[in-house]
Every structure is written in structure tokens, then in C-alpha cells.
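In what follows, chain A forms one complex with chain B and a second complex with chain C.
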Partner chain A sequence: MRPISILVIINILLFGLLYVYTEPLDTSILIAGGVLTLLILVSYIIIVKARMGDQYIFLLISMLSSLGIVMIYRLDPNFGFRQITWYGLGVILYFLSYGIFRWIRNWDEYMYLYIGFGIVLFILTFTVGTTIKGATNWIRIGDFVFQPAEIIKISFIFFIASYFTYPDKLKNIYYFLGISYVHILFLVAQRDMGMAMLFYSIFISIFYVFYKDYKLVFYNFAAAILIVVYGYFTMTHVQVRFEAWINPWRDIAGRGYQITQSLFAIATGGFFGTGLGLGYPDYIPEVHTDFIFSAIAEEMGTFGAMAVVLLYFLLIYRSFKITLTIQDTFKKIIALGITLTYSYQTFMIIGGVIKLIPLTGITMPFISYGGSALVSAFIAFGILQAVSKKSYETEELMDFEPQ
Partner chain B sequence: MNPNKKIVHLIIVVSLLFLSIIGYLTYFQIFQAAGIINNPYNRRQWAREDNTIRGNIYDRRGVPLATSEVVGDRPVRNYPHNNLYSHVIGYSYKQYGRAGLENHYNQQLMALFPESPVARIREQLTTDMVRGNNLVLTIDHELQRKVEGLMRGRTGSAVAINPTTGEVLAMVSKPDFNPTTLVADWNTLINDERSPLINRSTVGLYPPGSTYKVIMAAAILENPHILEEEYDCEGSIVIDGYRLSDYGGHAHGKVDLKDSLVVSCNTNFARMTVELGEGKTRGIAKRFFVGTPFKSDVPISASRFPAGTIPTTDLAAIGIGQGKLLATPIHMALIAGTFANDGVMMPPYLVAEVQNPQGRVLNTNTVEGIEIVSHEIAGEVRDMMIAAVNRGTGRRAAIPGTVVGGKTGTAENATGRSHAWFIGFADRDETTVAVAVILESAGETGGAAAAPIAGEIMKEALRRGVGN
Partner chain C sequence: MFPILSWIIRYLFIALIYYFIYNIIRLIYLDISRINGKQKKKYNTPYLKLINRKETLDFEIEEFYDLKDATTIGRKKGNDIQIMDRFISSNHAKITMDEGEYFLEDIGSVNGTYLNTKKLQDVIKLKSGDRIGLGQVEFLFVKEVE
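So, the complex of A and B:
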């Protein structure tokens, strides 16, 4: 069976289940599911017919998004409908970013623009930003809030990529390090530790791959560990997170509340899950954003949750494959940066809600409810799709070359 | 280096990260989930409580001990025998959590893990209430009533087991409480200095006193060189500058090991234990699980044996069951039972069977015996214990026409009033029962206060023929 057929069947089953489970019967669920599936189908056909490169990336992110929409819908139908709208916008931006990225040829020349874009957005966040859940990392425009860091993630990768393409543009490597750390420090100042960790992980990984001097890479790594230790002793909100990770059971009603509620959900679900709509995931605070994985684990079981992890792994595997085949340094770093962002982000949030690592407030790519995160993820993978076209063309050329 | 090679390093790192998620989830479900589900803070449990009829609990002959019924649209738990099973069955209330079997067997009583995923789906599709699984206990209701009657008004514990199978036949801890009126009584209960909520039988730690001499007797029999010299008891002995006396300073004269156990001669046991040395004293304790936990279907506190190097005076104290030794009543019953069962200890259990609501047996408890001492050594100690009841300190536990063995204990403790102990066994027509009785701060000897109660318990157990 072709992967697209599997996706359509799963969507029919999921939305059918959701329809049967909701009382009273609500045909709008079926319509929403139908529209979503049709949108996926049409987009997929365009990608195949227009030879837009890799055929699996879009299928995988649509599969993840569908799962997310069904889960969010089950938790709160209003959020579910809004998430479908966001998905639609995401798909449009996916094709747009694909087109724009291919249309403009000299992306690697605008390093200062990327730096400026990031810094200005950060400063804007500080001056006109809104504080939600203890982190000043949102900007409000009308009725609608968005998280600038979700967009800066992309400009940050562009900055790193353009630097390593033309390293001579900056006087020496320390300027590069300085600008990278400014990005990270802004996030620390906004008390968005998850994002800071994510930016740092992307930075150090690309630095490791493209910088020749191992010593400097090592010093940066060691310094980061010292900073984390220092941060633990100076910042109480870091301590709270850390203690809630080490022993959440000591303060179930307080600091450990979120994580223990998440563990109750996962434990109750067992390997097979309670079944969609038959659990109590709404006992978990923030369940539709940060903790959606726990809701999936409760209702679809640990096996279902593992399947989600494997879907992410497939997506990341495809992305790494694209990264490896590209020859152009700039595009290679862009692809690598995007791949790493979503690898680390997925690990950080899943690891956090299952208590494998300390919890950092970060969203689950494509599944969590949230406009800016979903839109920026679609833009990022739209770019990856554009990069993949080039890489697949070279691959084909190489295949036909006589030995 | 080629960037692709370093990218492969990153691929390996990311793969390991994802693998760790899958590995941790598996570990979590297999080893941690069951414990977490039972946490009283898990609101799902209580959500389920409202549409689950808790399983019934029956004694070994089918007498209902705890039942559930639906009043209006809510299940209600009944404890028809009120105080009688306060510590065995415990209670289950939203406000105050769970205790006893209601706690340890909550998963089965609530049918938290249905027989199969299909069964779970079936139960969720129907709107009827879920029925939990029933428990059939090893407890004999009539014997339990008898034991409760004998212990009424006292503080302490009495446990009767079948030493050949490990079945707990009766278990009473005093003072107790009424699970039916627990919510109304809660404030009184938690402020009561005598701690009625505690199950003394399984978690009460007491100095075993002279009852511990049965273990020492086994150790000495395994090292016969200690018996070579004849001992003349003068009523007290000086060890390392400390004077250790017999009960009431009474001199027993020339005694061998058997006589020493029969009259409970402290000075000779202290002397022999010092001669035996720390290593062997610790060794025999460890074999009898003194200081290490043993298996059971309900949690039992581990008895205590001092850690580290033991000074000679402390070693002498251990020989007579004092010093830093502590043991639970159920453990002492097991020790007595070991000598009645050819040196094999059967780990105790309270639940014989778990049955589904239709009466089909889902799970049968059986235990495997652990050989503690040899058949011969067990036989010799058994004879000594029989002699202690026939002509020694345990006379008041005797039952006419029945082989009864035992050991009394009068344990000194911090309260100033000694605990009265009796551990022993009775054998008749292929039926064996072992008991431990402790009366806290009784201020009387074990022979005077605990032995008659133990005798009555064993008599009733044999009359009901429950020990086979």
C-alpha cells in the first residue's frame, strides 16, 4: 500500500472515532476531517506532480498534524477547529517558503540582515512583549499572540549557515560566538529556558560539524555546563524545574503537580491505552500544548506514543538523508539546522513530560496546539523541501553517471 | 574532516536520544506504572471509584468479610464485621486513602488491569458499572472471632498461621478501629496515643525477648562444641563488666541446653551466645530473616538486627532476645512454625485466590518453602519447645491430648513495663498451627499472660481443623 493511502485510512478512522465518541453527533467533525484529508491529498499530489523533491516529509508532518488535530479536538473542539485553520495556513506557507527560497538565489549573502532581524525581534519582545506563564516571550497583535522565538529559530539557522559559508565576513570566530550567545542570552533573560537550551544545542552541534578547531568547540561545551550549574544556583525558577524533575512526588500538590499529573496519565494508559475519549487527560494542566504527548500516551497507549516517536524519527531520518546529499555548504547547514531543531525539540518535550529529563516549556512540533509554533515549523520544512529538490536532482544525476 | 562524517556523529546522538525515550517509556510501564496508578493523588482512581463496584472479600470458607452494593447510582462499601477485620482488610475512603488489603489488592478489587485489552474495551462500551475481582482469604472467620475475643481490651497482637503452607489463619492487632465509621472517628483515631490505625502484627517491631532463644538453640546445636562444658546457673552472670540476671534473680543450678530453654535461663544463653561469637549469631539471624525482609503478599516490616561490630555485652543481650533486636509478631509466628515444619519456613500470605465476578479463579497464591535449618536440628529444638510447655515456662499453653510446643518471653523495653510473649505450635491429627502472641507492656510474664491466650487460639484452630 502506498503511504498516502495509509494516511487517508488513518484519518478516516480517527475522525470517524471522534465523530462516534462526541455526544451529540456532530457532522462538522466529519466535514473538518474531510477538508483536512482533502487538503493533504491535494498538496501531496502537487508535490509529486511538480517534482518538488522529497515525497515523504510532507506526508509525515501531515500525519503528525492530523494526530495533533484529533487529540486537540478531543480535548476542546474549539481549539481543534482553530488548529485546522492553522494547519491550512501552514500548508500555504509551506508552499510559499518553498517558492521564495528557490526564487531568491543569494540567501547566503544577507548575514547582517539575519542578525538584525533576530536582535530587533528580541528587543521588540522586551519592549512590547506580554508575559504568559512566567516567560516574557510573546508579542500581541490584536487578538492574537505569537512567540517571536519560533521565527528567530529560522533566522538563527540562516545566520549560522551564512557565517560558515563566508567566515571572512566577520573579523574572527569570536564575533560569531558573541552573536550566537547574544541570541541565547536574550532567551535566558526572557526566562525561556527551553528555547535557550534548544538554540544552544543547535549552535554547538553545527559549530562542531563545521569548525575545525576541536579545542574551541570543547571550551564552549565546557563553558555551557558551567553556566548551567551557575544558573542552577542563581536562578530560583531553574532550581524549581530541576527539583520537580528529581523528585516530583515530594510536592505533588505544588511544584511536582504538572509532571505527576502527566505520569499518572501515562501510567493509567498502560501499553494499549484507554481508547480515544475514554481517559482523563484533561486532569493535566497545559495538556493541549506542552503535555499533549501524555494525552496521546493515556488514550492511545504507550504503543501509540512510541509510534508517534517513530513517526518523528522517520521525519528526522528523511531530513538527515537530505542533509547528507547536499554539496552546497549554505544549504547543507540550513538543512542540518532545521533537522537538528526539530530533533532536539521533540526530544526535549517528550523527555520532559515522561520525566526522562527536566521539563522545559517547549511545544511538540506539529502536534501541540499553537499557531506560531505550527506556522514556523511549516516554514522550516518548506525550506527543507526546497533544499531537497536540489539534493534529489544531484542524486539522480549521480545515479545515471557511467561508472 | 568531511562534514558528512561529523553529521553522522549527530545522527548517532539523535538516534540514541530517541531510543532513550522508547527505552524509558518501556521501563516506566513495566516497573513504575503500577505503583504510580495507586498513588492516592491520582484523581483517575477516584473517578473510576464512582463507577466500579469493589470486589467482595471472603474468608477461606466463603463467609463475606467485605461487600459492595449500589445505593442510588453510587457504589457503597460494607464492612459487616466492623472492628474484627480493621487491620486485615483495612479501609478505602476518598478522604483518607486506603489501608490493609483494600490498599495492597486495590488493583484486583478495582479490576484496574482487566483480563485482556478486549475486556477493557467491552467494559467501557457498556454503561453498566464495572465489577471488581473478589478475594478469598486464608483467614478463618470463626478463628479470627475467637482470637479477637481473647485479645479484647488488651494492647498487642496475635497471629495464627499454618506453618506447612504459609496461610495466615487469623491476625488481630489491638487496639483496633471500625472501618464503617472511620470517617466520623478519624480525628479521634489519629490523636489516640495507642495508635489504633497501626497493624501491629505486620509493622509493630518489638524486642523478641526470650522467644528468640529458639533461634539461638538451633545455632548452638549446629555448633555442639559449645555444649561440652557443663554450666551451673547462679542466677546472674558478669559479661565484660556488666551483670546480666535471670528472671527474678532465680538460680537454675546445673542445666544443659534443653533445660536452659525449658526454664528460660538467661545467663546460660548469654554465655553460650558470647562463646558462639558474632559471626555465627549474625549468620543464624540472617537465615531466619531477622534483619532482612521476607516475601509476602502484604508488606511486612523487616525485623532488625544490629549492624556493624557488636560489642560483647550487646552480643550477650542478643542471646536472650534483647539489645537492639526487634521483630514483628507475624515473623515470630513464622519462626515458631519453622521448627514445627522440619526446619522449612513458608512465607506467609493472606489472599488464597483472586476470582473474577463470575467466580472464575484468576490467580492462586502458593509459596515455596525455604529451608532454614536441617530436619534434625529442627526436630531437636521442637522437642525442647514441647518440653517447655510440658514442664517449663509455657505450661499454661498446654492442650490436653495434643502435642504443644512453645517458648515464652518477657521482653524489657523503654516503657518500663515488660511485654509478654508466647510463640509456639500445636500438632494433632496431621493438623499443625503456629502462633505468636504479644501483649504490649503487660507487666506480666509471657508464661502467665500470653501463653493461656496462645493455648486457646491453638485449641480453637485445631478444633476447626484449619491447619491442614
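So, the complex of A and C:
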């Protein structure tokens, strides 16, 4: 059986179950699920027929998003419907970013534009931003809020890529370091620690891969450790997170409540889970965004959660393979940056909810509820898809070249 | 009613999602082994290289075609090299190997086959660097000398 048909069967089963789950039977979920499955099917056929490069990326993304939508709907039907709308918008943007990235040829020449875009959005967040759950990292337009950092993520990767393609554009390496740290400091000032950590990881990884002088990389790494230690002693919210990680049981009703509830949920699931709709993941605060992995582990079991991790593995493996086949430096760094962003993000949030590393508020790619996160992930992978098209063409050429 | 359904579906779901993962891994594996197979084959086999720019042709065509002992070219399905050019006949030309040499033959095409801009009348021996023209397409015959 082809993977796409298995995906369709899984969707039919899960959405059928959700239809029975809601108390007064509600056919709108069946319609929404049908539309979603049809959208996945049509997009997949377009990608295969139009030879748009790698065909596994979209399959894996769709599997993850369908699981996310099912779980979110089970937690809160309203959020579920909104997430389906976001998914639809995401798919449109996926194809758009694929087209635009291929259409415009000289992406590597607009370094100042990427810097400007990032800084202006950060300043806008400070001046007109709204504070939600202790972090000033949202901009409200009408009824609609979005997180600028999700979009800046992409412009940040573009900035790093264009710098390493033409390093002479900036006077010396310290200008580059300065601009990168300005991005990260803005995030620290917004009290968005997870995002700051993510930006730093992307920056240091690409810096390590593409900069020859390891001494400077090492100094940067050492400086980062100093900053973390300094941050721990000066910022109370970092301390709270750290203590909740070391020993959440000491303050189980307060600071450690979220993480302990998450651990209880994962433990309740066992190997096969309680079954969809039969567990109690609602006890965990923020279960539909940051802690959705615990809800999956509870209701779909350890095997279900492992399957999710495996899906991420495959997605990241595919992205790395694309990165390795590209010759062009700029596109190589773009692909590497996108791959790293989503692999670090997955590691940080899954590690956080299972108490492997301190919890940082970051979304789980494609599964968590959240419009801007989902949309920016679709844009990023649309770009990767465009890059993969190119890499496939060169791969074919390389194969046949006589030696 | 709902708990029973949910119980059944959780096992089905886990079986299906691992089957999905298995299938993707298998397809990726096939993908990679196909590329490796190509690399092995490229030694010593002569091939046709497309001279036209791929973008100028409005039908599907590969940049390279490997030649077998007998390779047929035409528009009809079942030809070893199928090209959907409307100036190419259903069964257009044939390249056969005999004692290590390759011979080009027109098998009753309407618009003819050209070798180095001369229309082909009879079976002719190919040497490396020959240009073969059919319809709107032009190929370069490449044969490595050991």
C-alpha cells in the first residue's frame, strides 16, 4: 500500500472516532476532516505530478499535522476548527513560497533587507505588541494575533546564509556577530527564552559549520554559557523554570504543577494509551500548545508517541539529505538552517515535556495549536521543497557524468 | 459504545502508523539503492546525451539515456526510449549492438532520422561524438574508449 493511502485510512478512522466522540453528534467535524484529507490528497498529487522535488516531506508534514488537528479537536473543538483553517492557509503558502523562491533568482543579494525586516518587526513588537502569558511577543491586528518571531526565524536564516555567501559585504566578522546577538537580545528582552535559545542554537551551529576559525566559535560558546549563568541569577522567570526542572515535586501545586501533570499523563498512557477521548489530558495547563506531546502520549500510548518521534526523525533525515546534495552555498545554508530550526525545536519541546531539559515555551512543529507557528513552518518547508527540486536535478546530472 | 470504538481504533491506529513509517522507510531505501545502481552502471555503457536545452522542449525528456543491446526509440509505449514529440513516429529508430559496435537504423519513420545533419538511408555504424537527430530532438552518442 502506498503511504498516502495509509494516511487517508488513518484520517478516516480518527475523524470518524471524533464524530462519535462529540456528544450531540456534529457532522461538521466529518466535513472538516474530509476537506482536510482531500486537501492533503490533492496537494500530494500536485507535488508528485509536477515533479516538485522530494515527495516525502509533504507526506510526513501532513501526517504530523493530521495527528495534531485530531488531538487539538479532541481537547477543544473550537481550536480544532481554527487549526484546520490554518492548515489550509499553510498549504497555500507552502506552494506560494515554493513558487516565489524559485521565481526570484538572486535571494543571496538582499542581506540588508533581511536584517532590516527582522529589526523592524522586533521594534514593532515592542511598541505595539501585546503581552500574553508573561511574554511581550505578539502583535495584534484586529481580532488576530501573531508572533513576529516565527517569521523572523526565516529572515534570520536568510541573513546568515547571505552573509556566509558574500562575507565581504560586512566589514568584518564582528559586525555579523553583533547583528546576530541583537536578534537574540531582542528575544531575551521579550522574555521569550525558548525562542532566544532556538535562535542561538541555529546561529552557533551554522557559524560552526561555515566559519574556519574555531577559536572564535569557542569564545562565542563560552560567552553563551556565561550569559546563561548571569541570566539565571538575575532573571526570576529563568530561575523558576530551572527549579521546576530540577525538582518539580517540591512545589507540586505551584511551580511544578504543569510538568508533574505532564509526567502523570505520560505515565497513565502505558504502551497503547487510554484511547482517544478516554484520558484526562485537560489537567495539564496549556495542553493544546506546548504540552500536546503529553496528551498524545497519554491517549495514543508510548507507541503512538514513539511513532511521532520517528516521523520527526524521517522528516529531519530527509531535510539533511537535501542539504547534503546541494552545491550552491546560499541554498545549502538555507536548507541547513531550516533543518536545524525544526530539529532543535522538536528536541527542545519534547525534551521539555518529558523533563529531560528545562522547559522552554516553544511550539511543537506542525502538531501544536498556533496559527503563526504552523504557517511559518509551512513557508519554511515550502522553501526546502523548492531547494530539493534543484538538488534532484543536479543529482541526476552527477549520476551520469562519465568519469 | 464510544469506549469500545476508541479501544479498537487505538490498536488499529498504532498498527497503521507504524505501517506508514515502514512504507516511507522502504520507499526511501529503494530511492537510494536506485541511485547507487545508476552509479554502478555508468562505467563502460555508451549513452545518448541530449543536446537541446531541456526547457525548450514541451514534452518530458531525460538528459541521458543508457543504451542496451538493442534500443528502440519512438512515440509509442513499449519503446525503450519513449519521447512524446509529435514529429517522432510511433516506431522511429533503433540502435543495435554487434560485437561491441553500435549501429543506427531508421525503422520507417515519417520525418526521418539524421546523423550529423545527413538523412539516414541505411544502417550506419556510430562513433563517439556523432549527433543523432529525430523530430525536434538531437542527441549526442557517447562511447567511452577503454
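Heads up, the rule we're going with is that the second predicted complex is superposed on the first by the 401 of 403 C-alpha atoms of A that agree within 3 Å, B and C clash if a C-alpha of one lies under 4 Å from a C-alpha of the other, contacts with A are read in each partner's own complex, and residues count from 1 in each chain.
Just so we're on the same page, a residue touches a chain if its C-beta (ideal position, glycine included) is under 8 Å from a C-beta of that chain, and two chains touch if they have at least 3 such contacts.
Keep in mind the model is a prediction, meaning the values are calculated, not measured.
Visitor: Using the superposition on chain A described above, determine whether A:Y280 touches chain B (first), chain C (second), both, or neither.
Guide: first
Visitor: Which holds for A:F272: it touches chain B only (first), chain C only (second), both, or neither?
Guide: Both: A:F272 reaches chain B and chain C.
Visitor: What is the contact status of A:G142 with respect to chain B (first) and chain C (second): first, second, both, or neither?
Guide: The answer is neither, since A:G142 touches no partner chain.
Visitor: Which of the two partners, first being chain B and second being chain C, lies in contact with A:P24: first, second, both, or neither?
Guide: Neither partner.
Visitor: Please indicate which partner A:L356 is in contact with in the superposed arrangement: first for chain B, second for chain C, both, or neither.
Guide: In the superposition, A:L356 touches chain B alone.
Visitor: A:T323 in the overlay: touching chain B, chain C, both, or neither? Say first, second, both or neither.
Guide: first
Visitor: Which of the two partners, first being chain B and second being chain C, lies in contact with A:M300: first, second, both, or neither?
Guide: After superposition on chain A, A:M300 lies in contact with chain C alone.
Visitor: Which residues of chain A are in contact with chain B in one complex and with chain C in the other?
Guide: In chain A, residues 272, 275, 278 are touched by chain B and also by chain C.
Visitor: What residues of chain A sit close enough to touch chain C in their complex?
Guide: Chain A reaches chain C through residues 1-3, 6-7, 9-10, 13-14, 17, 20-21, 56, 59-60, 63, 272-273, 275-278, 299-301, 303-304, 307, 310-311, 314, 317-318, 395-397, 399-403.
Visitor: Can you check the complex and tell me which residues of chain A touch chain B?
Guide: It is residues 205, 208-210, 249, 252-253, 260, 263-268, 270-272, 274-275, 278-280, 283, 297, 302, 305-306, 309, 312-313, 316, 320, 323-324, 332, 336, 340, 343-344, 346-347, 350-351, 354, 356 of chain A that touch chain B.
Visitor: Quick check on the complex: what are the chain B residues that touch chain A?
Guide: 3-4, 6-11, 14-15, 17-18, 20-22, 24-26, 28-29, 32-34, 36-37, 39, 41-44, 47, 113, 117, 120-121, 124
Visitor: Mind pulling up the chain C residues that touch chain A in the complex?
Guide: The contact residues of chain C facing chain A are 1-3, 5-7, 9-14, 16-21, 23-25, 27-28, 35, 38-39, 42-43, 47, 63-64, 142, 144.
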